[in-house]
Each structure stands twice: as structure tokens, then as C-alpha cells.
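Take a look at the structure below.
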Amino acid sequence: MSLDAATIRRVANLARLRVEDDEVPRLQAELNGILGWIEQLQAVDTTGVEAMSGGGDAILPLRPDVVTDGGQAEAVLANAPDRAGVFFAVPKVVE
Amino acid sequence: MTYVLDGATGPWEVVIGLEVHAQVTSESKLFSGAATAFGAEPNSQVSFVDAGFPGMLPVINAECVAQAVRTGAGLKAEINLWSRFDRKNYFYADLPQGYQISQFEFPIVGKGVLEIELADGTRKDIGITRLHLEQDAGKSLHDQHATKSYIDLNRSGVALMEIVSEPDMRSPEEAGAYLTKLRQILRYLGTCDGNMEQGSLRADVNVSVRKSGEEFRTRCEVKNVNSIRYVMQAVEAEAKRQIEVWEAGEKVTQETRLFDTTRGMTRSMRSKEDAHDYRYFPDPDLPPLVLDEGWVEELRAALPELPDARRARYVQDFGLSPYDAHVLVLEKETAAFYEEVAQGRDPKQAANWVMGDFFAALNRTGKAITESPVSAKNLGALLDLIADSTLSGKLAKEVFEAMVETGETPGAIVEARGLRQVTDTGAIEAAVDAMLAANADKVAQYHAGKATLFGFFVGQTMKSMQGRGNPALVNDVLKRKLGA
Amino acid sequence: MEATHFSLAGALSALEEGLISAVELTEAHLKAIEAVNPQINAFITVTAEAALAAARAADDRRAQGEAGPLNGIPLAIKDLFCTQGVRTTAGSRILGDFVPPYESTVTKNLLRDGAVFLGKANLDEFAMGSSNETSAFGGVQNPWRRRDNQGVALVPGGSSGGSAAAVAARLALGATATDTGGSIRQPAAFCGIVGIKPTYGRCSRWGIVAFASSLDQAGPIARTVEDSAILLRSMAGHDPKDSTSAEREVPDFAAACHRSVKGLRIGVPAEYRLDAMPAEIQALWDQGIAWLKAEGARIVPISLPHTKYALPTYYIVAPAEASSNLARYDGVRFGMRVPGEDLKDLYERTRAAGFGAEVKRRIMIGTYVLSAGYYDAYYVKAQQVRALIRRDFETAFADCDAILTPSTPSAAFASGDKQDDPIAMYLNDVFTVTANLSGLPAMSIPAGLDAQGLPLGLQVIGRGFDEETVFTVGAAIERAAGFSALPQVMA
């Protein structure tokens, strides 16, 4: 599987990374190099092997339904690059 | 009756499936300890988990899991003892983590069924495909500033149950009935307050049209419709639009649309134009959710009686008409009120009072049953006063009106206003004698054969007693005195 | 003796005996940082005033008999751990001037036990790297130099390169670090010190900037095995705020350092004998085997057949998780923002300017392997191979109690050497990454020098939650090796 320039742009769009036109060939070469190397996995017979998900054997711990957090709007907003009073602000979104 | 829409090329059938997002009733959020209460100051119910801060991790709320299990049980659905959370990746201003934690491949609840009833009495089973738990997003306000959108994350991370139906509905009425019934069940279960104005219940409506006998055609999803009436309108508007598209020789393209309630039309969502690829994968921060079978059975055993069962019981045990039973179980609160009134009393008489004078009083005062000035206990006490002949039916109505006005007990009103019915035969005889003496001419006419005057004598006697005479006794005494 | 040359355990005794105060110890390290850090760039942020205040408080506590197990010990904190009120960068521009309003669980545990934080240690951006050259705050220099060319700057390894360099150069008695594919053990090996990645779930991930959630584990870097045992005991423990944190008692790891390896079965995996492996590495490994045998351990040949697939597996799983974990850096709630025509443009410009090349590369790979049509072929396949790698270890551990391997396929290399070849860079982690994929504890111990006088490490891998055996074996190697060489750049 080799990535063409259009795929590079599609993936960059999904990842919300701005890619200039002159960056595409370099990215394409690098990613194809890495993906080509990864390709060796296809040689492993994984028939009937259950895929791992997560890093351990744990099952999900449940917490009680109690309010223990919140009430800290100022701390939540303090690092915002742009805010309007008690809101975060972003360029207007048209739905 | 099959619902069809007539186009230029003939009749079209409508195919509808609903994805309902129901906010789980819980104190705190699905994966954080922030509160869920409606209407709080912007960003005041936000933990750093909800705001997607670096290094923050989700921990699941046991009650939200329990609520999903209860709802699944109430929908007669399979409960999956092993389920998993996945990430749905996309960028949006009110999605702080850049992904929604949801359940994609392995939902907590599988297939179930919901029976709906239509106006003409027909019943129909609508399949439930699945129910899964997921996080709500925050709220974007687009109308506060000329060039900016404002973000409030109070809703971010609130638990939602997404309840997906099969494409089993065929008319706006069926869609409306489905949503009505679903809301009713959620409220009975106490798993969602069903408040559509506040957004606790929202429907994504999947609509397609087809000619009779065809396979499904392309569907469109009308997002976030927030009332049952709008769902029905949106179905019709979107179906008509699609018919026009097909009949113009074009193709309906699968897309997400919005229902414009003022124009009664659906329109394409610009922000969702971007081709989506959600890149679902298991959330590595959350091990699988494994439920203990015994715990699930405990929750199932503790489920409240649901509306269908309750209605059947009212018909069978209380002898109510199916219609009356239906009306009384519509709202959980009404049914509870009714049952308290009916407890140990004549259930039919209780139903008549609740559905008659009581509903009329609520209507007139514009009050909800939970804020009614007449409590179920007091209405029951009123029925007791009728049963022990303290009050006649007519007096009872008078007492009831006083109860609506003052909120006092019927006993207190009867005492204070001296409304106790007169059952003392001596007093009634005296009143009858006085009345007959004052109407000697009418008595003569009566004896001459004008029998219809009997009613006049009853009325005059009651009037002289300020309506308090026991009607049966007044009748008896009159008959005896008139030698009838 | 210079105050900065104490071992951590030695410093604790000196503090207890009143030979030195926490303030003196901290001052000595701050002075060392001032002198040496401009050259090696191990710290991004130095919090001198806060450190001195913490040291004074530690001295007060000791005077009142309330000294915790790390009371007054000056540490470097990898700048991936969120520290309340102290700027946290993850080695990236994109976090801007982010000041966390919370303290990570691991650093909170260290503070509870009385530690003094000197500042935030440099690292590869978002912990993605094996050379510490991807930091937005400049590379870190290894304090060691080649015997025959002292002028060439070497990398300290990565991603915890700042932590390792700081500890090696005597700028801190120990450091926190994280390990996703080898990021504790590889820099520890390159810098001639000790580093352990504990079992997945042993240390809470809460408050650590996430790279790849199913692989990330925090652990200590220190100059001796016992020092790392003392640090890990404080760092570890169950945390209800992390759903993957293990509900397990934390043993006395330091006690395990004094046990004998006699009777232990040490597995030696055939598949770790790489064709192109330098003879020095092979010789060191053989030496390690001989040391343990001499101490009474039994050497068992084992097979880990899927070893060669570990790196490609890692380079699917880790970027996939990272692509999602790093979506939150969008210029809306914290960190830097580059204005745009609309929200999407703002996202794209912010992320393009905020992330460095390696991070972008991994986000792209991760996004691609999760995308429609490729998910099964890449992500699911990798998670299946991962299950096989884990199964290999389970099988092997039926026959042995710990596994001995080299830590890295080479000693520290020169800055810039592998920057243009991502795959050559990735191969640094060939021996370490299997422990991350299978969640097992693994430690690197300095065991010798190569021909250029650069340190080389041996790795001990243990069963899940059996760090104690890892410490026992690690301490035995440490004693046998008697590693006493010192780096050229040092306070």
C-alpha cells in the first residue's frame, strides 16, 4: 500500500494539520518508507488471534455517582488563548 | 391504514428509523465528577477531564451504567455483560478531547423491542437495534458575537444513552408514537427525565422514501430534532423533499440535515459537509466494561412496573375501560396519583374523579400534577366523605372546588363551612312540611295528577336546606308525605 | 565529598544524620545546574526558588520528626508530568505557556514523601524520540564523550534524555521519566545510569501528558538500582483516577535489591541475537550471563519468536493512539493558537506550527492506520501481533523468572546521526519495545563501557508486577559490574 499525494492531503485534513504543497513529496516519501517497513507484519499468521486492546488485563473500575468536581470556571478558562467572560471563544462556526 | 405520500409518479412509502439521544439521569457526568444539573453558569460544571486537559483520564460512573442496564431491561433488550468503549475521532469546537468516547463495536445493550399504539388502536412492534453509552459534547453559542462562537462545556461529558431503532416506522404518526412511548418508558424507569425543551431527549431522524415493494433507498439523517411534533413534521418535510428529488430524475445523497422549525423544511448542514472518517478504535484509557450477571438481575428485579403492564392491571383488576387506563398511565406521576386515590376505595369512582374534576382543575389552574393544590391523600379523603354519606355528590363538588382554592383537607372545609349533609329524618321532615305548607296550590295540582311536580318539591326542599339535605332521604320523606 | 555526588540512598542517610541539610543539598544541585545545564540543556525550566522553599520545609519537617521517605531529596521532573503552577511543555511549542492547575499523581506522591523538585527536564517532543533531538527547546547533550573525539556531542537517548542527562551529570539525585517504547531504559543505558519501566498499571498515568495510553508508563531514573527502587516505591500505587491503574500493594523494592539471585532461572532469548549486533554488545551480554551464573542463577535459553515484529507493531499502535491523544491540542482551551480564517483553518495552522516534524509524522501515520479501509489491515493486525508477543512472554516465563538482554543495540550516537532516517532511529528501541507491548517491567543497568569509553546497559525483564525479581537481578548485575566510570561533563 503506497500513499499518493491525494491520500497525504486527505490524512492531513483528517488530522487537522496544514500541509503546504511543497511538503507533500517529502511527507509522502517518509510515510511510504515507514509503511513499507511496517508491511512485514502481514507475514505473521494471526488467524484466530484475538486483538489486544489497551495495555493490561484490568476490567473497568466503576466510581460512585457523586459530584466531586467542577465549580472552577476560572481555572478551566485561565489557559484559554481567547475567551469572552465565562466562555471560550473561537472563530464563528456556521452550522 | 398505510400512510403514503402521493407524488407525480404515484404513491411513495416513507421509511423511518430513529436514533434517540437520552440524557442519563445521574448526579455527575459519565467519566468525571462534575455535576449535570441543567441551567448552571457557563463552564461552572466542568472538570479538567471534561475540558480535555493534558493528562486527564476518564473514570466511569457506576450509576450511568446501571441506568443503561435498567433502560435495556425496560426495552426487553439483551444486556451485554461484556462491552467496550471506543473513541470516535473528529474535531469540533465543543468536543474538547478531539474525540467522543462512545460504544461502537460492542454496545452495553443489544436488540430489543418497543410496542407502539396508534390512534386507531392498532399496535406495532418497533425493533430496537442497540443502546449504547456515550459522552455528550459541549454547547456552542453562535449568536452572541458577530465573528465568534462561544463555547460552554457544562454539557461536555454528560452521559447519554443513544437508542437506535430499526427502520421499522412508516409514517410520521408511527415516529411520533415511538418517541412518545420511548419517553414514557424512560420516565417510568427514571433513567431520563425526557425533557425535550432542555435537550434531555433529542432525536436524529433517518428518513428515506421508496416505491412499494422496493429495497431501501438512500436515507438522510435529520439531526437533533427536539420535540415530538417536530419529529413528525420533519419526517413529512424530508420525505416530500426526497420525493421531489427522485421525481426530478436526480438522486438523494446521503447527508446530515437540520430541521428549520420556522420554515418547516430540512436543510443541509454546512459544518458537516466535510467527509467524515471517525477512525473508531478501542479507548486505551478504559478497560472493557464487564458486568456481573447477578447485579444485572438485581437491577432487573427492581424495575418499576412499566406503563403497558400497569394499564393491563387497571383494566383487569380495577375494571377500568382501556381508554381510561391508557389516559391514567400516560404519565408516571398521574398513575401514581391515581393509585393513591384508588387505594382501598372504589377504583372506578376514583378514576372518574381524577380524570374529571381533578384534571379539569389542573387545566384551569395551569398546574402540573406534582404541584397540584389537591393532594391524592385529600382527594381520597373526599371520596371517603361521599362513601360515608357525609357529603352528597353535589356537596362533594363544592368541597372539591374549595380544596382547589385553599389546598385544605375536605374535612376542614366541611367543618368550617358547615357543608355536612343533613341525614337527620326529623330535620328533613320539618323542612318538607314547611315547603309543602308554603306550596299548597302545587300540592293540589300534584294530587290532581301533575306527577312531574315531584321534582319541583325535591328542589324546593333542597333549596330550603342550602343543598345539604341527603337527596335519598328527602325523596323518601316527600314520597311518604305526599302519600304517593 | 561533593553534595551532588551522593547516591540518593546516601543522601537520605546524610540528611538523617544531620551531615547535610536539605537546603544545602538543594543549593548544591541548583549551583550544579547553573554551571552545567547551559552546556547539556537537560532542564527546560528550573524552579530554584520553589525548590529552596521546599527544601526549607523539608528541613523543618525533619526537625519535627515528620520526614517522609524522600524528605529533602532534589529531583528532576520530566516535563511530561503536569506540575501545578509550573509551566509544563511536553517539549512542544503547542502547549505554549500552559500552566497546569493540577499536579500529576506520580509527582504528588513524590511531594507527599518530601521530595524537592528542581525543575522540569527536557525530553523529545511529546516523548516521541530516541535521541532527545525533537524537543522544541533544543536537544540535550549526553554528559559522556567519546574517548577519541571529545569534541563530538552525543545524544543522551530519548525521550527521557533530559532526566537521564541530569542524573548522569549530577544535576539531580534522581528523576521521573516515562517509557512508551524504551524512553526510560534507552537514555539510562546511553547515560550510564539505571532506569526502570515498571509494569503497566503500576504508576498512575493521571496528569502525565499522554503519548500512547496503552504503552505509557512512568518510572524512575537514578544512579543506582537501590536509588531507583526507593523512587519507584514512592511513585507507584493504585490511583482511582486512572482506570488502568492496578489495585496492588506496592512492595518494598529496596529490600528486593539485597536478595540473592541464587536459584533464579534467567531466560536468554535467542531472537535478541541480532545479525548486525556489535561484538561489544554481544560480549557484554555474555558477561552479564556469566555474572549471574556465578551468583548461582540458572541460565535458561528461551524463545520469543515474534520479537522481530515488535517494532513495526509498535509503530502502528503508538502512532494510532497518539493521533487521537494529541487531538486535544487545537488552540482552543490552552496552549498556543495561530489565528485562521475559520475554525478549521485555525486548527490546521495551530497544529502545523505547534507540532514538530516527528510528532506530525506520527500523527499522520496514526491517522492513516485508523482510517476507513486500513483499520483492519494495520491497527487490528498490529494488536493481534501484540497479543502474540505477549503470549511469547507468557510461554517463556513458564521456564524462567527473569529475562536478560542488552538494553540497546549500540552506545550513544552523535547528534544528527540518525535524524534523516526515521527507521534507523526507531531501531534504537528494538530490545526495549517488547516490554511495553506486553506491559512487563524492565530495567536497564549500566554494565560496562564500549571501546570509546561510552556506557552500555543490560536489560532485565520480569513478570507482570514482579518488579522485585527485576530489582534483585538488576542489583546483582550492578554489584558484579562495579560500574564506576564517570561522564566527562559533570558537576
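Each chain carries a letter (A, B and C) given by its place in the written order, and its residues are counted from 1.
Simple rule for what comes next: contacts are C-beta pairs under 8 Å (C-beta built on N, C-alpha and C of every residue); 3 or more make two chains touch, one makes a residue touch a chain.
These numbers come from a predicted model, not from an experiment.
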| task | Give the chain pair, either B-C or A-B, that is connected by more C-beta contacts. | result | A-B
| request: Point out which chain occupies the most central position, where each centre is the mean of Cα atoms. | output: A
| note | subunit A to subunit C, mean C-alpha position gap in Å, rounds to 24
| Chain centre separation (subunit A, subunit B; CA means) in Å | 41
| field | Chain centre separation (subunit B, subunit C; CA means) in Å | value | 57
| said: Where in subunit B do residues touch at least two different other chains? | reply: 48, 51, 59-60, 91, 93, 149, 151, 274, 277, 279, 284, 286-287
| Got the subunit C residues that touch at least 2 other chains? | 98, 101, 213-214, 240, 243-244, 323, 327, 330, 332-334, 343-344, 347, 367, 371
| Sequence positions of subunit A contacting 2 or more other chains | 14, 16, 53-56, 58, 60-61, 63, 72, 76, 82, 88, 90-93
| request: Mind listing the subunit C positions that touch subunit B in their complex? | output: 81-82, 88, 90, 95, 98, 100-102, 104, 205-210, 212-214, 240-244, 320-321, 323-324, 326-328, 330, 332-334, 343-344, 347, 367, 370-372, 375, 379
| remark: The subunit A residues in contact with subunit C across the complex are 1, 3, 7-8, 11-12, 14-19, 27, 30-31, 33-35, 37-42, 44, 46, 49-56, 58, 60-61, 63, 72, 75-76, 78-82, 88, 90-93
| remark: Listed in rising order, the residues of subunit B that touch subunit C in the complex are 48, 51-60, 87, 89, 91, 93, 96-99, 149, 151, 274, 277, 279-281, 284-287
| Okay, in this complex, where on subunit B does subunit A touch? | 26-28, 32-35, 41-49, 51, 59-65, 84, 91, 93, 140-142, 144-153, 258, 269-271, 274, 277, 279, 282, 284, 286-290
| Sites on subunit C touched by subunit A in the complex | 96-99, 101, 200-201, 213-215, 240, 243-244, 246-247, 306, 308-309, 312-313, 315-316, 323, 327, 330-337, 339-349, 351-352, 355, 360-361, 363-365, 367-368, 371, 374, 377-378, 380-388, 390, 422-423, 439
